[in-house]
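Structure incoming, see below.
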Amino acid sequence: MTAARAPIRLGMVGGGQGAFIGAVHRMAARLDGHYDFCAGALSSDPARALASARELGLGADRSYASYTDMVAGESVRHDGVEVIAIVTPNHMHFPVSKACLEGGFHVICDKPMTVTVEEARELRRIAEASGRILAVTYNYSGYPMIRQAREMIERGDLGRLRVVQGEYAQDWLSENLEESGQKQAAWRTDPAKSGAGGCIGDIGTHIYHLISFVTGLEAEAICADLSTFVGQRKLDDNAHLMLRFKGGAKGMIWASQVAVGCENGLQLRVFGDKGGIVWRQENPNELIFSPLREAPRRITRGGHAAGDAAARLTRVPSGHPEGYIEGFANIYTEIAAAIFAAREGKPVDERVVYPAGADGEKGVAFIEAAVRSSAAGATWVKIPAAIGEGLR
Amino acid sequence: MTAARAPIRLGMVGGGQGAFIGAVHRMAARLDGHYDFCAGALSSDPARALASARELGLGADRSYASYTDMVAGESVRHDGVEVIAIVTPNHMHFPVSKACLEGGFHVICDKPMTVTVEEARELRRIAEASGRILAVTYNYSGYPMIRQAREMIERGDLGRLRVVQGEYAQDWLSENLEESGQKQAAWRTDPAKSGAGGCIGDIGTHIYHLISFVTGLEAEAICADLSTFVGQRKLDDNAHLMLRFKGGAKGMIWASQVAVGCENGLQLRVFGDKGGIVWRQENPNELIFSPLREAPRRITRGGHAAGDAAARLTRVPSGHPEGYIEGFANIYTEIAAAIFAAREGKPVDERVVYPAGADGEKGVAFIEAAVRSSAAGATWVKIPAAIGEGLR
Amino acid sequence: MTAARAPIRLGMVGGGQGAFIGAVHRMAARLDGHYDFCAGALSSDPARALASARELGLGADRSYASYTDMVAGESVRHDGVEVIAIVTPNHMHFPVSKACLEGGFHVICDKPMTVTVEEARELRRIAEASGRILAVTYNYSGYPMIRQAREMIERGDLGRLRVVQGEYAQDWLSENLEESGQKQAAWRTDPAKSGAGGCIGDIGTHIYHLISFVTGLEAEAICADLSTFVGQRKLDDNAHLMLRFKGGAKGMIWASQVAVGCENGLQLRVFGDKGGIVWRQENPNELIFSPLREAPRRITRGGHAAGDAAARLTRVPSGHPEGYIEGFANIYTEIAAAIFAAREGKPVDERVVYPAGADGEKGVAFIEAAVRSSAAGATWVKIPAAIGEGLR
Amino acid sequence: MTAARAPIRLGMVGGGQGAFIGAVHRMAARLDGHYDFCAGALSSDPARALASARELGLGADRSYASYTDMVAGESVRHDGVEVIAIVTPNHMHFPVSKACLEGGFHVICDKPMTVTVEEARELRRIAEASGRILAVTYNYSGYPMIRQAREMIERGDLGRLRVVQGEYAQDWLSENLEESGQKQAAWRTDPAKSGAGGCIGDIGTHIYHLISFVTGLEAEAICADLSTFVGQRKLDDNAHLMLRFKGGAKGMIWASQVAVGCENGLQLRVFGDKGGIVWRQENPNELIFSPLREAPRRITRGGHAAGDAAARLTRVPSGHPEGYIEGFANIYTEIAAAIFAAREGKPVDERVVYPAGADGEKGVAFIEAAVRSSAAGATWVKIPAAIGEGLR
């Protein structure tokens, strides 16, 4: 007889009023009942932090004015948080993650994991030394049909891979929204907070991670042409890339935040010598699979042709759509499995997969390489290998 | 400064191991953080009830062997549940709801609300007398784009309504699944547990409710041709209906559980003299609106053309799909607003809408009329009016 | 070595300036090069007939002021036409077809074939006696993927059929277009020219024929609820029908010309105990086939899973869309095969299929039955069997 | 009163038995009745040429053993052809076009127009000197919704253009089809017949032309990464390109013939600062237009929002799909308008547009630049300007 496990105590840095992704993390944490949100340093503005905490039902003693206070305060409680979600602007990811890991907490960090590769590597070493989990929310890898695609490619359904087409097109920065006072736009277009990449960092890394996650291919070199179309903007808002993978496969990535009419147009297409697949985030419950010389088929989450990897992350039957929050929650639930295992000193079920430090480092290396390539006139640059693949 | 309200204490009858909809209710209750699931009579089989409760993390003292026990037990606790979700097979909806309401609890009952119209009316009277909330989970009315459609029709965007096309097609009962031991199939095809309607009761009522919810039209008469295509089955598995609405509009409904290739194909199309709309549950984040003599436009949840009614129930930006669980959660969150208001003795915000007793009664009246029409050779029958529209 | 055959000499009655379907017949006749359009009585207005003929390049001696003149004139030419296309308003189909057949010409008549069943039967007897071909342009049966669907059902891919859902929704008569002087709208809403059916005759017969053509099912009884939504209109503009087929299958038809946002929304869905199919006219190059318990597959015209019946009528490779004109041309080309065989005194290739007199009679019987059912309050009426199925 | 004009007498070089595109040209020429196909040198194999001519109904005296014979023979007939369609493998386009133009015939040449830019320029000079029409069948520019897109961009509906995404993905060369004896595959993968480009020449030029045709943008530089994935193949079968346009817009092109599951996946997306559009060849009757900050709308051929440019090339009402053959026929009909004007010594209606010599030259320059860029390791190369834009 399976007994429920005590929920994981979750803290959060960032994610107060006016934020976007913090609320998503909280819903993702709640959906499957594995987490109990109980502490936060929700804003760098203390008044806003407190107001946000109240609104979210945190006890006054669990609302902190800064992440350092939180790390200190939670460390000494017998009921202190076990894991901290970091949902600040990018430039804070590194210092906050570092403090949390060093304070003995598991970390769930938003992407990109850090602003520089050096920071990313340092963080990974700290995580390794601490024995704590360092997860990065490349959340699209939590969609069941993405798991299905990965499973199919791994077992050879597509044969030897040849071509990968990734794209992620949005339109919300088609105008100079950052000057209107919109908070999300403001920090994402500010190099001091966002890092060297604009669109390439904000969404380009998502599709880059997804390609790696689904195909297992490693990019060897890229050629990137980054553009800034909206006047006065300091970072890129459109990115064109060509990729070469180890083993000979080729790819393209288009990421844009000025593609009028595109809402959250993340799409992945992979072609091998035995088949091809298409997946679109805006209709995420289906995966189109075309076997060579056969009619394309529509594999649905929960449907007749879906396999084990998708079934593990499926809550409701086929035809009952799951969406973004469920996909995000899958990452949280995978991390929960790892935390439960850590609690119990048991190995993690080998089917459990979530993006971790190495993925985080690769994402940052990708941004840096893209910026470097583009600055050099869109020439080919190598992607440096991540340190110690054996690291978490 | 808004402070979080203490979560609503939720109990559940039914929904133990092997059940389907109970888990959905629990996720829906968790998603927005308004409920705290703390007691259950999760199965009519006491061992299963206990095992289910343990697995779900209920305290042993909050797991009951029967709903009568639960009503008795929770009534006397100072931290007893405030609302009880009833997710049993249909035949139990009435006695359990009755007991819960009479015990002073709010009720969230799955559909159809009862097996007969008489029961439905009695339940409504009990609810009225008790002053408790009686909600019915016609959950598809919680989808934001359904709210958008309702808002548009209400303000006249479609002009005078002429034609309504509703359908709900599934295929999971295309074979004699009930004889395989599948629990969901078994009770749904058993008149003793399901009532007089098979497919017409299980899913036909959903589309019937949705038509009423979105259009505001009242069906006056229907002509139903119910069929049973799978041998030995005792209830209908396919339903064809024609409808006549007060005021002259006409409609059709097709509901099926033997439509091979259809997963959860709920679809609503409404046409007036100034425009038409199409909504499909499997891609619920969009509503196609065709104004007379203009190009059709795609209105998305969170997108530029969505209005207030959809915005109220929207969690993540356009292009980030929300799905079935979010739609279901919207109903729970609307009910939560009503319960909070009741707690505080305040009126409910007038924008809060959820299916209640009158909707439940109408659904049962629809099933009875359809069965009667079909038994008479598919002739026209009147739909009786619900009692006291003023009742909750 | 195959030598080209001399093109078939084609005449036309109706189809002059301001007409719609006549131009389609001419394109259909031209596309595959089997016909040579050389004579016409293109309008009942002699001046318009002459102007139309000049514009279309007919010799002055081959432009006739009336169909009787044309029958007389062409009969005595050694190079007279062999087949006459009749594209007049409905009320003229019978007298013109009769005259043409009796004059020794093959006939290609637009639908509905006549205004009454009696006329239809008389015409079939005349055709039989004359030995001439009587074809009726239920053109949608010429689409390759419709042939594919028919082939699949015939060989049992769907198993025993259970449910048929047909619909044909347009919006061009959503307003009172007939009073604006629009010629097409004017005669189609005029009982004196159109017959007893409006929408049910104009487009309802198309979907009814398609159901019969694809499934092989024979409707036994129907229950029709016809409506007229646009004020002052004399004929129905929306039709709801339930059908019962011999052998137990059931069906529904929705036909409308007031469904705002629908352009030419002809759609057919068929479900059996082993599979289901969906075909939509507006995207006619694909057929979705869902085998029981398997993933749906997309069969495309010219694609890997298309069979012989579709291949026979395919001109360009998969992914190069063919459309309405090609489908219409397929009917003309099938008829050409029959005319060539008649010329040469050979039997027609058994794969050649085109709608003929029996289909025409059934279509008229369907209209009459629908009108009768609706007039009786939407009650069930039998569909009379067509005379001598052995007749052409 | 408009009188029909005598059809244009058409000859053809290539297009005999076993060919593909010749049959398409003939259907395109027939559809609108403007051409009379009356002579051919249909194959370089004299026996096949004769058999093909017989099968197509050409007189024995109009079937020629070579194109030089045809030019000679038709030149001296009083009823000789006026225009010659050239549908041979690529390497013959130049010599045949040259001979035809010098023989005084108008030319309709398949794409790419020649194998080298030098040939292209020479041909343009010859055409200019001869006063004859030199048209190139970039047939996709004949689709009505492509004309709609062009019209919208020209009048500023999209504002200042920023990003262009073009793709053309097929899968028919995913395997080594050329070694199976398939004639189409054999010559297209043979540099001696196809020229230096494989996929980039066969289909890459189509999307490149379409971009130019629709947007009016001129590519300034490209960076191309061509691949050959199928072993032993001598030419590229997949092409990735980045583009920079004059004025600052950027673009990407993906062309592939090894993308399993893609049939004829030509797609164009254009984004400006005021709107975006999407068009897909496989569903060519619709254009999705997203104005900035508004709901996307679906503009259909013949529908309410289509403008004059699309209406000119529309044969049947909205919802009645037109396809590939109709689009191709539009090019033929545009050319016919130019030929009629030439016959009559009148200026061509300014709305008439068809791809001509300059487009042909640009297409060849594009292929050469792509091959050069890729050979240099996928570096940026300039696209040379076409000679004398004033030339036809």
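In this document, chain identifiers A, B, C and D correspond to the written order of the chains, with residue numbering beginning at 1 in each.
By definition in this document, contacts are C-beta pairs under 8 Å (C-beta built on N, C-alpha and C of every residue); 3 or more make two chains touch, one makes a residue touch a chain.
For clarity, every value in this text was computed on a predicted model and none was experimentally measured.
Asks: Counting only C-alpha atoms to place each centre, which chain is farthest from chain D?
Replies: B
Asks: Please state whether C-D or A-C has more C-beta contact pairs across its interface.
Replies: Higher C-beta contact count between the two pairs: C-D.
Asks: How many angstrom lie between the centres of chain B and chain C, each centre taken as the mean Cα position?
Replies: Distance between chain centres: 44 Å.
Asks: Need the CA-centroid distance for the pair chain C / chain D, whole Å please.
Replies: One centre to the other, that is 35 Å.
Asks: When the centre of a chain is set as the mean of its C-alpha atoms, what distance in Å lies between chain A and chain C?
Replies: Result: the chain centres lie 56 Å from each other.
Asks: List, in ascending order, every residue of chain A touching at least 2 other chains.
Replies: Residue numbers touching two or more other chains: 262, 289, 296, 300, 303.
Asks: Could you list, by residue number, the parts of chain B that touch chain D in their complex?
Replies: 289, 293-300, 303-305
Asks: Considering only the defined contacts, which chain A positions touch chain D in the complex?
Replies: 158, 162-163, 165, 167, 171, 174-175, 223, 225, 227, 229, 238, 240, 242, 244, 250-252, 254, 256, 258-262, 269, 271-278, 288-292, 296, 377-380
Asks: Can you tell me which positions in chain A touch chain B when the two form their complex?
Replies: Spelled out, the residues of chain A in touch with chain B are 1-5, 7, 20, 23-24, 26-27, 30-33, 51, 54-57, 170, 172, 262-265, 281-285, 300, 302-303, 315-326.
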